[in-house]
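This is the structure I want to talk about, given as structure tokens.
By written order: A, B, C and D. Residues from 1 in each chain.
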Amino acid sequence: MTTHYLVLSALLFAIGGVGVLVRRNAIVVFMCVELMLNACNLAFVTFARQNGNLDGQVIAFFVMIVAAAEVVIGLAIIVTIFRTRRSASVDDASLLKH
Amino acid sequence: MPWLSTLMGVSVLGALGVTLVRNDKLAKQFTLVVSLIVLALTVGMAVQFSPNGDKFQFVETYDWIPSFGVHYGVAVDGIALVLILLSVILVPIVVLASWHDAEAGKRSVRTYFSLILVLEAMMIGVFAATDVFLFYVFFEAMLIPMYFMIGSYGGAQRSYAAVKFLLYSLFGGLLMLVAVIALYSIAGKGTFMFSDLVGTVQDVTTQKWLFLGFFVAFAIKAPLWPFHTWLPDAAAQAPAGAAVLLVGVLDKVGTYGMLRFCLELFPDAAKFFTPLVIALSVVGIVYGAIVAIGQTDMKRLIAYTSVSHFGFIALGVFAMTTDAGAGATLYMVNHGFSTGALFLIAGFLIHRRGSQFIADYGGVQKVAPVLAGTFLVAGLSSLSLPGLSTFVSEFMVLTGTYQRYMVPAIIAATGVILAAIYILWMYQRTMNGPTAESVKGLRDLNAREKFVVAPLIALLLIFGFYPKPLLDVIHPAVKDTLSSVGVSDPAPAVPVAKEGQ
Amino acid sequence: MEPASHVASIIAHSGGAIGVAWLMIAFPLIGAAALLLGGRASDKYGHLLGVLMAVASFVVAALAFFQVLGFQPGERRRGVPLYDFIPGIAKVGLLVDPLSISFCLLITFVGSLIHIYSIGYMSHDPARRRFFAYLNLFVAAMLLLVLADNYVGLFVGWEGVGLASYLLIGFWQHKPSAATAAKKAFIVNRVGDFGLLIGIFTIFATFHSLAFADVFSAAGGASSGTLTAIGLLLLVGACGKSAQLPLQSWLLDAMEGPTPVSALIHAATMVTAGVYLIVRSGPIFQGAEAAQLVVTIVGVATLLAGAIIGTAKDDIKKALAGSTMSQIGYMVLAAGIGPAGYAFAIAHLITHGFFKADLFLGAGSVMHGMNDEVNMRKYGGLRKVMPITFVTFLIGYLAIIGFPLLSGYFTKDGIIEVAMEHNAILGWLAVLGAGITGFYMSRLVFMTFFGARRWEPTAHPHESPAVMTWPLIILSIGALGLGAFLIIGNRFMTFLAPAVGAPEELPSFNPFTATGLVTLALVAIGVAFAWFRYGAAEVPAVAPRGSFLTTFARRDLYGDALNEALFMRPGQWLTRLAVFFDNRGIDGLVNGLAAFIGGSSGRMRRIQTGFVRSYALSIFVGAALLAGAWLVVGNL
Amino acid sequence: MNGTIQAPTIEYALLAPMLVVFGAAIVGVLVEAFAPRYLRSAIHLPLTLLSLAGAFALTVWQALKGVPTKPAAMGAVAVDGPALFIWGTILVLAFVSVMLINDEGHFVAAAAAVPGSAEEEQALYSGAAHTEIYPLVLFAVGGMLLFPASNDLLVAFVALEVMSLPLYLLCGLARRRRLLSQEAAVKYFLLGAFSSAFFLYGTALLYGYAGSIDLARINAALGTVGGQDTLLYLGAGMLGVGLLFKIGAAPFQAWKPDVYQGSPTPITALMASGTLVAAFGALLRVFWVGLGGLDWDWSPVLWGVAILTMVVGAVLAITQTDIKRMLAYSSIAHGGFLLVGVVATGTAAQNTSALSGILFYLVAYGVTTVGAFAVVTMVRDAGGEAWHLSRWAGLGKRSPLLAAVFAFFLLAFAGIPLTSGFFGKYAVFQAAVSGGATPLVIVGVVASAVAAFFYVRIIVLMFFSDPAADGPSVVLPSRGTAAVVGFAALATVVLGVYPEPVLHLAHSAAQSLFVR
């Protein structure tokens, strides 16, 4: 019953997405994005199972690596802005608008 | 000899040359010389034009952008020839008239004169283009020099006027672009050459849409009522010389386009829309004149008279009789001279007093009789007084229209009464009556200014009594156009038995 | 019916003076150009050049006239082709025939005299050169009007004289009243021209030709409806130019111009162009009885209106202007009657040209001596100090009221007789007009030359110089005898016949018809009444209020008030409305659209809040929309 | 499964341009690690420029040698006509952008230091510089090369990230207005990551639908797999989100103005030109190759997106007061115009003409954009670049030549004839009209007219307004910047007067369409 996994994946993706929308802390927002990526991974693996080929599983590895790289970059940026502003709230960074 | 390319080339090189000249005065003289050379060359070309020869003469066709089927194709028929003549005659006059115009605002004098020459090249190109795409390119590109001339060297509201002018025209042009593209696609000939595109669109519904695309652009350009409101702003704010080129030549591209493209490319649609266009024209004639009467600003007033006059031209184009068509073409030329003279002389006056408002003047005739006299002649040409060339064209347009559309012609003819009111009333308020305190010190026209006005008035008079040279060139082209549209002139109710014929 | 069948056809190619008939036009035209372009250098001899050109023109006209006389009556219509004016529409040429040459003689002869007179009259004006330039321009245009062999040429001359009239009425343009009068004259004339223009269009649409020869030979083939339409449209043009009702209002104001102008343009020549037009277009009118009827009605109405206005004016020139209106009314009446009236119309036109020019110039002479005073209430008893002016004026006066054996007696009474024969009502009204003429002209003479001297203290009246009196003398000779010369023995009618046709039965001159006697009696009553009121009685310095009838006449029969109420005020409203509509309506729409786009831009950019989470939301929603739309479209 | 693993065949020659760029990037990293600080700049710049030039040469060589007809690297990368054309374009744009980047004073001395702190003073004083920007740029360019050439969705995802991650960092490195720069980096990063999650989920769903992430196989599956349409549509939609985000199509455009404004201007230039070109290449490939059989389903949706994008871009730009934000909105609008070409699919000939139109448009727009941003870097006042439009008033008097060149770029953006922008627009609109998308073109021209307003407004400011007393001065451009402006102006003129060679090139590149 791979459908359940897919539903779970969709749920995770949705939770991640909603998390991005409702959380203020940049780190948490970023973690939610990671959650979404992982939801994708789950979907890939599930579909790999469903389709009977290994592509999906391989893709999951790729995604993990990309996600790791993203973490590096992300944290660097978030830390810099935290040092400058003494705040990790994404809502504080709103000078650029209109 | 590639006459037309030479003409454009000389203008463009001249424009580049002007920017290189360091001294402002030298730059002006250089510009004048270049424009006179172009004029001489054009006259040389015109002399070789044979009115009853091929429709298009001095043909040059080269591939320009084969990927799009675009050619660099230029040639002239009678209609284009007289309009090019109009342009190249007006340019040196405008150059001479604008001698000190660009100096007022601490702007670059050289740029102004360079822009005039660039514009000249484009004016020649737009009338000479035999490739629809090339025509479009010039049609749009010529907005830019004019935009800078209005915006940089104009009056207090120049930015507003320049932007309005540019955007309005650009909007029309872009709609036309869609039609141009569609025409290309539907024709499926893989070429934009005008002669290859004539008659390719057979479906009437398609024709109607394409016609509208072209027509709206031309109606804005011309400008036809109700697309006219940019003109008073632009003309009032532009320096007088630029206003002359704007109203005298650039706007003619609109009516020229109607005659050349709207009629020939989409004959069935043109016939379908004729009642509408005639209605717009007639409304424009009367409306433009009435609004002109109510103006308080001289240049705006002249601009509104042009709205009225463009109504006559459009009426002539769409009446689709030889007389009206030839009259409309002649009207384009004459209107250039007539309005040119009006704008320039009004410009001289405004330059002296520093105000465009009619109320600030009075009794100028007493202090500057030559100025007043020439202004009156220009004004009389605007009200189509017989003996001045504008009469011939207006008469032809109305006669030609009357043969097919009696009631519109009659309504349009009321324009002659209204024209008398707006011109003479303006003349009375500015030139007649007791001399206003503020104008007592005004100087009369100086030699340069007389040299500006004299050729215009001479042309108005010469063609007023002897329009045949122009009409001989125009007639075959108009006949050809109308025969390709497939209309023939209405027959007389009572034919006259001509002896010996 | 072939109304013009008996009109001889045109013979082209003539040598001699006819062959160079264009010189008539060219001389004054060159004069005008030279004087306008000559600059101050030509101030010294400008007036002489002007006179020379007018006289040269007269010489050509006279030579051409004698040449015409030398031909058989049937060969007296001579065409002079000039050039192709508007290819496809009109070739321009001249038509020298008895009708046109009569006009030419009148124009150039009276014109030359008035030129000469102006040397004296305008001697103190710094812009005299310009005045002569305009006069020359007028002569050229007027000659073109009458000589053209087609309607376009006629129209060119028609508007040309309008221009000259405009320039000359407004000659003293620094006076606002003069400038306004000039403008008014031009605009009202343009209304007439509008009609004429449409008439010409109709002619062209019907016949595809504008040459008189073509049009008149084919006129019989056109429907009477078309001919009526053309006739009425031409009449509108004639009304404008000849100050006939309802386009009469400009003529009285036109008296703002210098007096020689009033004499030449607004009395002798230009204002009669309408009569010329109607007579020239005879073949059209003869095919349109309704149009002819309207012409006669207009003529009668105007002759009465002009006369009534003349009775109430204290301004000597305006009184004469009213008289001019009235006299032209007679001519129009005659012209509307047809071939029977044509000769009388033109004959009266010519004699009127002489005596009215005489009267105007006389009035000018009076004004010249009276510091340009025009109010007759400030004249009186001038016959002693200005004897030549008085005598010549008196001759003109007697001529106009139809004193037996003077010019007006023959020509005006001729019109009345013809009108009576044509339609009794019209005839009796014309008789009534003659009576009123007797009254107002006598009033004018009595107030000016008789009675007590009511001069302003500063006035020192004196006789005018010889350069002004000689023209008066010559004109008065014409006023004296020209009528008899033209009418007795139907001399003029036979002369004109090749051009305009003639009634089948030539009238015989009979001085003792009932109509003639009644007319004379009425004129006598008018004169007596005038003597009773203005000759014998004291003339008050300020005009008494008078009855409503007087006011009615003084205010030009409320013509101006009517124009103002009907056209000017609504016109001003319309103009204001149109300007408002243009600025707020059409342009408002354009600018409103721009403002709308700008405004929505200003509102929409608020969506860009700067908060990254709201951007994420837009992506989220966008993703939902995209996927949703995809699902919807995909499952359609 | 026979137990042996076949070694993949990899056409190194075909991939050489990318490999050169990536290789140089890695060398750059090594330089950072081992070369002494004072030498680093001296090594980086030639290395970067040479590698880009070399890659360009290799691309040209490849194109001359003949365009391959099947995907390379076991179907992972498609080096076909359009890809080569896009590579060439990106490499040229990157080259000129690097010349801008090389200019002094754009980048922060020490990114980690708090703005205004002693640390920063120290770093500035000691002349510290982040020379890492060169390898970062090279990585980004490498990603840009790979993205439009990727023939399966995983490669596309990886390329997307390789392209984006360095850009996230580069955005935050502006020397002046560091708060804005950092904010731009955060926003770009978070939204970019967010959108790539959508891209990835879409990939997953399509993988689930088709059993493969290879574009050609997905396309093949469209007709055969039944009953899972929801999966397909959701997947395609989410994939679209990721792609449309990168080109800044509405409603995914929100990041663009903020990021363009906050980033160091040379980086903005790179993003506005290179990234846009790469993203469009990828978008075309995914939609035409991967979802080509579905075009009746996606083109209506893209119609809506295109209209919204054009309208939003044009209308919102009108009231902008910041030059860079204005250019960002302009870029959004241009993205919309390009999308008009994307939906103009039909017959092969039709697709060729649409594709070549888009390619030409990308070249024309990319070059002009770089030029425009280069000009922006030159107009400075005390606080750095003068972004606020009111500061640009009267620039035409102060430095007429620069203002004239900028005005010319603006006219090119507005699509006035005799500039490259006109032919770009014409090419795309022409394809769209013959593809039956006339209503879309009408919306397009109306949006162009609206868009013209704000270009023209800047010309009004520069030329028709009087300069402010304390107006910005125009710095004497460095040789690099001057070269960039000159190149861009020249290209804009040449492409506007005689576009045939490039059109012809675009046409022959598009002739083969995308390989499958």
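Definition applied: a contact is a pair of C-beta atoms (placed from the backbone, for glycine too) under 8 Å apart; a residue touches a chain by one contact, two chains touch by 3 or more.
Everything numeric here is computed off the predicted structure, so don't read it as measured data.
S.K.: Over the chains that touch one another, what is the least number of steps taking subunit A to subunit D?
M.R.: 1
S.K.: Give the chain pair, either A-C or C-D, that is connected by more C-beta contacts.
M.R.: Higher C-beta contact count between the two pairs: C-D.
S.K.: Of the chains present, which has its C-alpha mean closest to the combined C-alpha mean?
M.R.: Checking distances from each chain centre to the full centroid gives B.
S.K.: How many angstrom lie between the CA centroids of subunit C and subunit D, rounded to a whole number?
M.R.: It comes to 78 Å between the two C-alpha centres.
S.K.: If you average the CA atoms of subunit A and of subunit C, how far apart do the two points sit, in angstrom?
M.R.: One centre to the other, that is 96 Å.
S.K.: So what's the Cα centroid distance for subunit A and subunit B, whole Å?
M.R.: 65
S.K.: Provide the C-alpha centroid distance between subunit B and subunit C, rounded to the nearest whole angstrom.
M.R.: Between these chains, centre-to-centre, one finds 36 Å.
S.K.: Two or more other chains touching the same residue: where does that happen in subunit A?
M.R.: 17, 20, 29, 90, 93-97
S.K.: For subunit D, what residues touch not just one other chain but two or more?
M.R.: 186-187, 190, 194, 257-258, 453
S.K.: On subunit B, where are the residues touching two or more other chains?
M.R.: Counting only residues that touch two or more other chains, subunit B contributes 167.
S.K.: Applying that definition of touch, give me each pair of chains that meets it.
M.R.: Final set of chain pairs in contact is A-C, A-D, B-C, B-D, C-D.
S.K.: If we count contacts the way the header does, which residues on subunit C are in touch with subunit A in the complex?
M.R.: 605-606, 608-613, 616-617, 620
S.K.: Within the complex, which stretch of subunit B touches subunit C?
M.R.: Checking each residue of subunit B against subunit C gives 164, 167-168, 226, 228-230, 287, 290-291, 293-295, 322-323, 326, 363, 365-366, 373, 380, 385-387, 391-392, 395-396, 398-399, 402-403, 406, 409-410, 413-414, 416-417, 420-421, 424-425, 427-428, 431-435, 465-468, 471-472, 475, 490-498.
S.K.: Okay, in this complex, where on subunit D does subunit A touch?
M.R.: 111-112, 114-115, 154, 157-158, 161, 165, 168-169, 172, 178-180, 182-187, 189-190, 193-194, 197, 200-201, 203-205, 207-208, 211-213, 257-258, 261-262
S.K.: Within their complex, state which residues of subunit B touch subunit D.
M.R.: Listed in rising order, the residues are 64-68, 106-108, 136-141, 143-144, 147-148, 151-152, 158-159, 162-163, 166-167, 170-171, 174-175, 177-178, 181-182, 184-185.
S.K.: Quick one: which bits of subunit A touch subunit C in the complex? Just the residue numbers, please.
M.R.: Of all residues in subunit A, those touching subunit C are 17, 20-22, 24, 29, 90-91, 93-98.
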